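One chain, chain A, appears in both complexes that follow, with chain B as partner in the first and chain C in the second.
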Partner chain A sequence: MSTFGYRLRFGLQLALTLATCAFLIAPVIMSIMAGVTGNYFTGIARSGMTLQWLEQVWHLYSQTVYLSLQIALACLAVTLVLGVPAAYVLARSRSRLTRLVEELLVLPIAVPGLATGLALILTYGDVRAFRTSWLFILVGHVLYTLPFMLRSVLAVMSSIDLRTLEEGAASLGASFRQRFFGVIVPNVRSGILAGALMVVTLSIGEFNITWMLYTPLTKTLPVGLAETYASMRLEVGSAYTIVFFIMIIPLLVAMQMMSRERRRIVRVVEDGNGNPASR
Partner chain B sequence: MKREVGRLALLLAPAAIVFCAFWLLPMARIAVLGAEGPHGLAAYSAIITDARYFNALVSTVTLSVVVTVATVIISGIAGLFLARNHFPGRALLTAMLTLPLAFPGVVVGFMVIMLGGRQGLIANLAHQLFDVRAVFAYSIAGLFAGYLYFSIPRVILTMIAAMEKLDPALEEAARSLGAGPWRVLIDVVIPALKPAVISSSAICFATSMGAFGTAFTLATRINVLSLVIYTDFTYGADFVMAAAMSIVLGAITWLVLALARTLAGSTVAAAGG
Partner chain C sequence: MAIRLRDSAVSIRLEACGKTFADGTRALEPLTLDITAGETVVFLGPSGCGKTTTLRLIAGLEKPDAGGRVRFGDDDVTALPIEKRNVGMVFQSYALFPNMSVAQNVAYGLRVRRVASVERAAQVTEMLDLMHLQEFANRSVDQLSGGQRQRVALARALIVKPRVLLLDEPLTALDAKLRETLRVEIDRLLRELEITTIYVTHDQAEAMSLGDRIVVMEKGRVAQVGTPQEIYYRPASRFVAEFIGTMNRLRGVVRGGLMEIVGGHLPCDAADGETAELGFRPEDARIADASDGALAGRVAAAFFLGDRTRVIVEGVAEELIVVESSQRRQFVKGETVHIAVRPDTLLRLN
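Presenting the complex of A and B:
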């Protein structure tokens, strides 16, 4: 019974896994197809392939692509400047106070983006110059992505012996600035890179906060997507989604490759010391 | 020593200032605003006393619970399968299952429209095979499918990671002592996965409670809490109630995550939806 039972269980689990995969991937493929189909209702066989929808989307919405990239890169810069030093402090000093600070800094991802957006607009909505500028959206994105940068860098920092590294460098006469940029940053670059990928990916796709903050002149890509889905034909929404996939899928693949690499490293470290290195 | 403390404070200051100015202060502001309406603090109890908010709360909680249970079961089985079996195509399958990880809620909503909308896959298949009209995207089923769509990739990742940490020798030992596959699952695997199940359930539930983009795109008539808040704010211009309900919703999701963390150790935070 055991081989039959095993095969049956294997088959059922495989079937469920494949069905789940189809549920997730089929609509992705369909929207890519629909975006290049002349008329989705009559089908690609009869109406043929076309790039007209992509051209139309680019004509109408290329600004949103540029703005989203601009915000994502600015967001990355800001989260690096704010997040890496903050992670260093949290890794160096594990007091009750720093734990509380860590708790607070990750709050923006524990409450819904809608609430954060609402709070920002009700507090700063009257400051016209700020409200109408892209910086208003940037602030929302920074709040939302900073915890990911912080966590990612902190995870790596806690897995290495920061203090010994620093003392070694200090005994050789290195100043704090030299130690920070010459010793600490290079040692945690895997965490910084993983955090950076996450920040850029999340910023490009952020909708819940942005939808409360945008103005007609500061529309990001997901805002444009929501508009298109609500008011334009399916082919246009699909073509726009293709543009979004082109931006986001390379980032997601890079993230998956990094996490696989990292898991491998963690396993090596765990095997080496006999205790888990990651927290 | 004193110099070092000063340095640490200086390094933390930029993040702390941005956080206080743009998150803590605005949140405190809407928390106060929520109590400044004609009914004062009673605005906060409207979540229970006002039928509209209470119904929204009940439907949001119900939906989130059902989605969480379904997600954990599906992702648990698939994650277990992927962690335990090595076969060609496994890496690709894992990659595809986690691909939608960072899709924003609006895109997830559109994916559901591709499946269950008027020109969707299911509608087409049902029409061709059985000549029936099967449009579910804009009903509670569509909302359920959308929430499942953004939850599964996250939970699968946690499950695979937890399974890989589980020592196969434990299962082997149980089996050699005569335990059947179900006994091994119930007595060995599930207890070992408990922390992962608790934390991913909490993340899944909290994300579903706060999800907005998916429900917004599907424009369902089912009033989930985030849509009610958005409608109050945008069309009703009822800032007080929108503020109060945002705080209540935020408190619920934060509490669930905090509770799970005390029960299970670390939790990775929620995102998007």
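Presenting the complex of A and C:
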């Protein structure tokens, strides 16, 4: 192809890509702008910029931010304790039963969050202390996020020769505890970290299950968001969105960086032990 | 050298150790075997013959079927898992820990034994010296070549002064030249350390050069146990004869102490009228003149190897015959040759 034809094609592709990005990013920018505009209907030019909406949001809803963080961290702790050992069992035993379990674990992702929430209420709604506690929401979040932790760890475990690695450690006298924490966990660290970021991100943003489970005293950030959108000034809702972005964007960036890191580690491990090396 | 393993080396006794897997596969028929302290025993056989299963039974990675016992010296270790047996193991895939440096890998066995860090560092340095790995101490494992990785694996296994050293196809993943070098190195190491060693391989050259004794295995059974010389010169069965080295096979009917085949006859003490099978190794025969060559055939192919020529001969028996000749001459395809076999090297295969 001629240089001109090549340039033209490149130019068109670039234009299309930028146009698509603009289309997707514009609402985000509009939303952020609305959150710092004095009066959205008279426009930013006339009403000027202000932080008063952010202050108001923080005053009304800082509890939801703290609760969301609390639930996200608790959810992370539970998914780590349940997910990493479960992934280990699934990776080590390749029977039909474990395959079935692995498939079943996807169910909470496939089933609508509202249905999961309703099922929890039907089953445990009568246990009053539990129903009104933040732990009730935590259970919903764990149900939803556990598969992500498990699959992320399992993916790394399946990419390395876990059994031989463990036999190597055992032959040197390491007990199961020493093998698990000294050899297995460090070598699947990338999967655990990626899973952890995923769990925290999903938990902070989770709405469907939480909307069924929350009480006026256990409102999370996304529930608060929905409430402001429905019943408050547009500027307040938008300011609240900014708060949400501030929490979630660093996590998303970290997740991207992790996945790059993980690809590198998996490559090293595969090249390092799995394949016959005859350099 | 300070590292001596003779004192920690033990004898091993396997008593009726069989292994049937959960799916019903019989990997190993009940096997009884005594291994002397300090001895190197090589388990040799094709894949699926049960050699690795035997190694894993000794290691404690598998439990024998009911009735089987594994003893290290006077200790019955049958019920002990691998981490309580104090063995050193080297894997075909190295099984080095990617999250640790070379020195940390070597130190691992001492760390889990809670050896004080000063003492640990001293022993690691000594072991790295012994294995010529000093300069790689702080490298990560993925920066090493295959040969270096296997040396790290050996160092890591030896540092805990194991009672038994177990090597599972340690050289299989390496290229031919490296395999040769490392084989010599391992041989020197084992002689120096005087440690009881179990070595599993499918490579007969490795088995011959490293083993004090070789256990040839076939389909979960021991086909023969003996020194390399016994195995090579007096194979107990046709399988052993063919698995180790090259064996020419000739089949014919015996009449008056001679077995008659297409290309001539060979002495054989079978009864008259019986069909016998004899074998001989290529190096035990030579290309001879028509006057003293007992067997005649035609050259099917010839491969010049430098110091000798490997001649493939057809028309002597049903199967092709391989003979080695050090004569400085060309062998032409189709040319008639005569083969003289040393009568004392003939083996009865049936």
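We adopt the following convention: the second predicted complex is superposed on the first by the 244 of 279 C-alpha atoms of A that agree within 3 Å, B and C clash if a C-alpha of one lies under 4 Å from a C-alpha of the other, contacts with A are read in each partner's own complex, and residues count from 1 in each chain.
Here is the rule we use: a contact is a pair of C-beta atoms (placed from the backbone, for glycine too) under 8 Å apart; a residue touches a chain by one contact, two chains touch by 3 or more.
None of the values given here were measured: they were computed from a predicted structure.
Judged by the number of chain A residues each one touches, B leads among chain B and chain C. Once chain A of one complex is fitted onto chain A of the other, the partner contacts of A:94 are absent, as it touches neither chain B nor chain C. When the two structures are aligned on the shared chain, A:7 is found in touch with neither chain B nor chain C. In the superposed pair of complexes, A:183 makes contact with chain C only, with no contact to chain B. Once the two complexes are overlaid on the shared chain, A:165 sits against chain C while remaining clear of chain B.
When the two complexes are overlaid on their common chain A, residue A:173 makes contact with chain C while staying clear of chain B. Put simply, chain A uses residues 279 to touch chain B in one complex and chain C in the other. Looking at the complex, you find that chain A touches chain B at residues 5, 9-10, 13-14, 16-18, 20-21, 23-28, 30-31, 34, 40-41, 78, 81-83, 85-86, 88-90, 92-93, 101, 104-116, 118-120, 122-124, 139, 142-143, 146-148, 150-151, 176, 201-202, 205-208, 211-212, 222, 225-226, 229-230, 234, 237-238, 241, 244, 248-249, 251-253, 256, 263, 279.
Interface residues of chain B facing chain A in the complex, by the touch rule stated above, are 7-8, 11-12, 14-16, 18-19, 22-27, 29-30, 33, 74, 77-78, 80-82, 85, 93, 95-107, 109-115, 117, 119, 121, 145, 148-149, 152-153, 161, 164, 181, 206, 209-213, 216-217, 219, 226, 229-230, 233, 239, 242-243, 246-247, 249-250, 253-254, 257-258, 266, 268-273.
Looking at the complex, you find that chain A touches chain C at residues 160-161, 164-165, 167-175, 178, 182-183, 186-187, 189, 268-269, 271-274, 276-279.
Chain contact summary for the complex, chain C toward chain A: residues 59, 61, 81-84, 86-89, 91, 93-99, 108-109, 112-113, 141-142, 145-146, 149, 156-157, 160, 166, 172-175, 178.
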